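Chains here go by letter, A, B and C, matching the order in which they are written, and residues are numbered from 1 within each.
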Amino acid sequence: MKVKKLALAGILTVTGVAFAVDITGAGSTFVYPIISAWSYSYEKATGNKVNYQSIGSGGGIRQIENRTVDFGASDAPLTPKDLSEKKLLQFPVVIGGVVPTYNLPDIGNTQLNFDGKALCDIYMGKIKKWNDPYLQQLNPGVQLPDRDITVVRRSDGSGTTWIWTNYLSKVCPDWEKQVGYGTSVDWPTGVGGKGNEGVANYVKRFRGAIGYVEYIYAKQNNLPAGKVKNKEGNFVAPSMESFQSAAANAKWDKKQHFYYVLTDQPGKNSYPVTGAVFVLFAKDKPESSKKSVQFFDWVFKNGDQEAARLSYVPLPQNVKDMIREYWKENGLM
Amino acid sequence: MNIKLKRKVENYIFLGLSFLSAGFGLFFLFWILGDLLLNGFKYINIDLFTKDPVPPGMEGGGLKHAFIGHIIITVLGTVIGTPIGILAGIYFAEYGRNSKIAKIGRNVVDVMVSNPSIVIGAVVYAILVKPVGHFMGFAGGVALALLMIPVIVITTDEMMKLVPQQTREAAYALGAQPWQVSFHIVLKAAKVGVLTGVILGVARISGETAPLLFTSFNNNFTTFDPTKPMASLTVTVFQYAMGPYDDWHRQAWAASFILTFGVLLASITARYIIQRKKY
Amino acid sequence: MEARKKALNQAKLFENVFKVVLGSAALFVGILLPLVIFISLYKESSLAINHFGVINFLTSTDWDPVAEKFGGLVPLMGTFIATFLATLIAAPISIGIAIFLVELSPNKLKPVFSTAIELLAGIPSIIYGMWGLFVMAPLFGEKIEPWLTENFQNVPLVGKLFEGSPTGIDVMTTSLVLSIMIIPFMSSVVKDAFNMVPSIMRESAYALGATKWEVIKQVMIPITASSIAGGLILSVGRALGETMAVTFLAGNVNQIPKSLFDPFTTITVALANQFTEADTAIYLSSLYFLALILFVISFFVLYLSKIMLLRLEKKWKV
């Protein structure tokens, strides 16, 4: 059997059937479901292959910084200063939301209410039981079980973590003081899953677990997604509409390389833990960046429906146009 | 009388414990293999070998990319590792027998067999991936070669030492040069054993994951180009088993089943050959 | 005459070339390779070494990518704890298996049993990890560990080990799976050592009326003690560097576990999870520093085991 395998591989390499993958990207696991759906259709439509690996936003930033990939993707925007230091370009591609998800067989997929303090205290390890009075008071109609809470968070550098901790820092002074925000932080408690995939997997496996994932990961895996109280005091369920409402306030500016943070936005129906995914290009590798631009240009033209199907919010037309101008200004189009 | 009974009881207790230990080992072996068979076998289908993966959350697709990548990386590792391993093995067996330095080198090789494989991955990232500028299947092959070489060195050395000294002396008496003795006489006599070492080496590297994470990386598409990032079965199993999708888990079980039984088959074959050689 | 001399010279030249080629292959494998590994790890980690200092790094429990403060104590302790527990489980069982294979198993079945045990070593480590995650973790998290907590939590001294909320992703499951992985290495070393004991020694003990266990305890084990120790250390070396199985089961938490049911981290887990995603130079360099520490420790541990194993071989080889 081995010999056959060897022979087969030998023939394949010798004849040099090289179907080169055109571009490689890496980073955000938040955006992985939609980018891989896009690249699947892109290959069908154009024959070009986009190999996107979800290794976490921290990894995406690192790999594009080292120029080991053609583009990086991160849910944590880099500041204009960082970008110029690292000779990178940045623009948003799609908007989504980070949701608290949990595994409580006792109440099934009942949608629980959370607020900033509840999430903060759970992730600080202060609320240890599901039937904690504070949680119970947020969810008057629900019989919360007497179960230990297993906190699940990310073990890798993550933009989802960035959005989540950025939100917690905004709504919870203790968190801001003791932990802060970033692609990875010094967690007070919790089990670490690798990627959105890993967190969803752990939440699915542990009874009593709570984790935070991009909305689609909860949806595709039949996990409940909690409502979160927003600035105006409403408990808002995650959905395309509530993400869109949060994004409506965004002031994208190409001079700032579109640096903008979407957490805790005003608006009655705004979901507070919303974030955009940013793509990073290397300024000094125009050839590879141009190929990536072709892909994202195709995505902006043809990818909206697919995004909506997976509950991501596509960018409005005027922002897309601004991004195209940005590409042109940097000689990529 | 009492002492005799005590000795007898003690004897039975400890022999009983020994039985239990063997049972413990076999129990886990059958448990793991049984689970692989039960969960893996039923998800094997044609698509698994002929299709690339579909986006997560969609049903269907296969692991063609990982099978092909895995074979290419393993072959690269074997092609790079085998000659170096055999040459070094010949040196230790034939030339370095009485040299002190060679003895230390031989011990070091023995140590390198059990060296943490993830460290090799990190090293290859530093000396190959970073300077070249991107992940690639070739780097994975190099990492695997570095893991395989010590295995081949050790078996080549041992197998050549099994060749009786008289054989060598007979050849020398006929006026053969040392290289002719090593190559034409000893290596030929130890051919099967050396081949076994190669099989063992292949079995060892084809189950490796850690050194591939930072070198060949991963790819969602099938590629035959070793200068590009490349998928492998093990990295894909890691990604899929850690992920939340049921479809991924099914494919991970199927891939694990094929991988494990392939590796075990190779190592049983190698062991069988060695056993026959030794006695 | 001239032609013969020429031929002889040519042969000599060829011989020398051949020797150089073989020698450089051996040099590469036996000396250069570990050196290259050491140097490149050292070079990559020099930033962290200079920034934190060796002692500071080894004694600090920090692992804070935001503040860019890193220390190796927690993963190092995790590595030691998992290795220690795995060896604790594996050692008696491996010796038991070796006794079974040498003394108890019917002769005809010996090769079958020893192949079976060695197959455990052939199963790729990622399979152990996946199987551990899908099969062992739920079993332990939902059945065995809650039961242990209930029954042992209040026992003095050991009770503390069984505290916490069990998930199955913790020290206990990791160490158990790790122990299954190292059993074949240790048992095959001990078995080989037992086989090396001259049968005359065994037989004389039997002739004096010793029971089987007495022969094992008073003849075989004392004689092979250094090999058993060598096998033990070899499996320690193996366990130290094991990556995939541990990565699935440890839970990746930067804390020194206080109970068997706490999630934790090891050097290899930190590397596998964070290596491709470490986003600052000092972060990556700290990971390389961990890799360097792991490489150095396992190199010395494995070398020590090699020396212990050679000792017995010398003793009995004529």
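Going forward, a contact is a pair of C-beta atoms (placed from the backbone, for glycine too) under 8 Å apart; a residue touches a chain by one contact, two chains touch by 3 or more.
Quantities reported herein were computed from a predicted structural model and do not represent experimental measurements.
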item	value
Most remote chain, CA-based centroid, reference being subunit C	A
Pair of chains joined by more contacts [C-beta pairs], A-B or A-C	A-B
Approximate Å spacing (C-alpha centroids) for the pair subunit B, subunit C	16
Distance between the centres, which are taken as Cα means, of subunit B and subunit A, whole angstrom	37
Multi-partner residues of subunit A (at least 2 other chains)	193-194
Sequence positions of subunit C contacting 2 or more other chains	133, 276
Residues of subunit B touching at least two other chains	217, 242
Subunit B residues touching subunit A - in the complex, by the definition given at the top	54-58, 68, 71-72, 74-75, 78, 129-130, 133-135, 199, 202, 217-226, 228-229, 239, 242-245, 262, 265-266
Contact set on subunit A toward subunit B in their complex	1-2, 5-6, 8-10, 12-13, 16-21, 24, 32-33, 36-37, 39-40, 43, 49, 51-53, 66-69, 193-195, 197-198, 200-201, 204, 216-217, 220-221, 310
Subunit C contact footprint on subunit A (complex, rising order)	26, 55-56, 58-63, 65, 148, 150, 155-157, 179-187, 190-194, 202, 205-209
Touching residues on subunit C, where the partner in the complex is subunit A	62-67, 133, 137-138, 141-142, 165, 167-169, 251-254, 263, 265, 273-274, 276-279, 284
Complex contact set, residues of subunit C against subunit B	11, 14-15, 18-19, 21-23, 25-31, 33-34, 36-37, 40-41, 43-44, 92-97, 99-101, 103-105, 111, 113, 115-120, 122-131, 133-135, 180, 183-184, 187, 211-214, 216-217, 234, 237-238, 240-244, 247-248, 268, 271-272, 275-276, 287-288, 291, 294-295, 298-299, 302-303, 306-307, 310
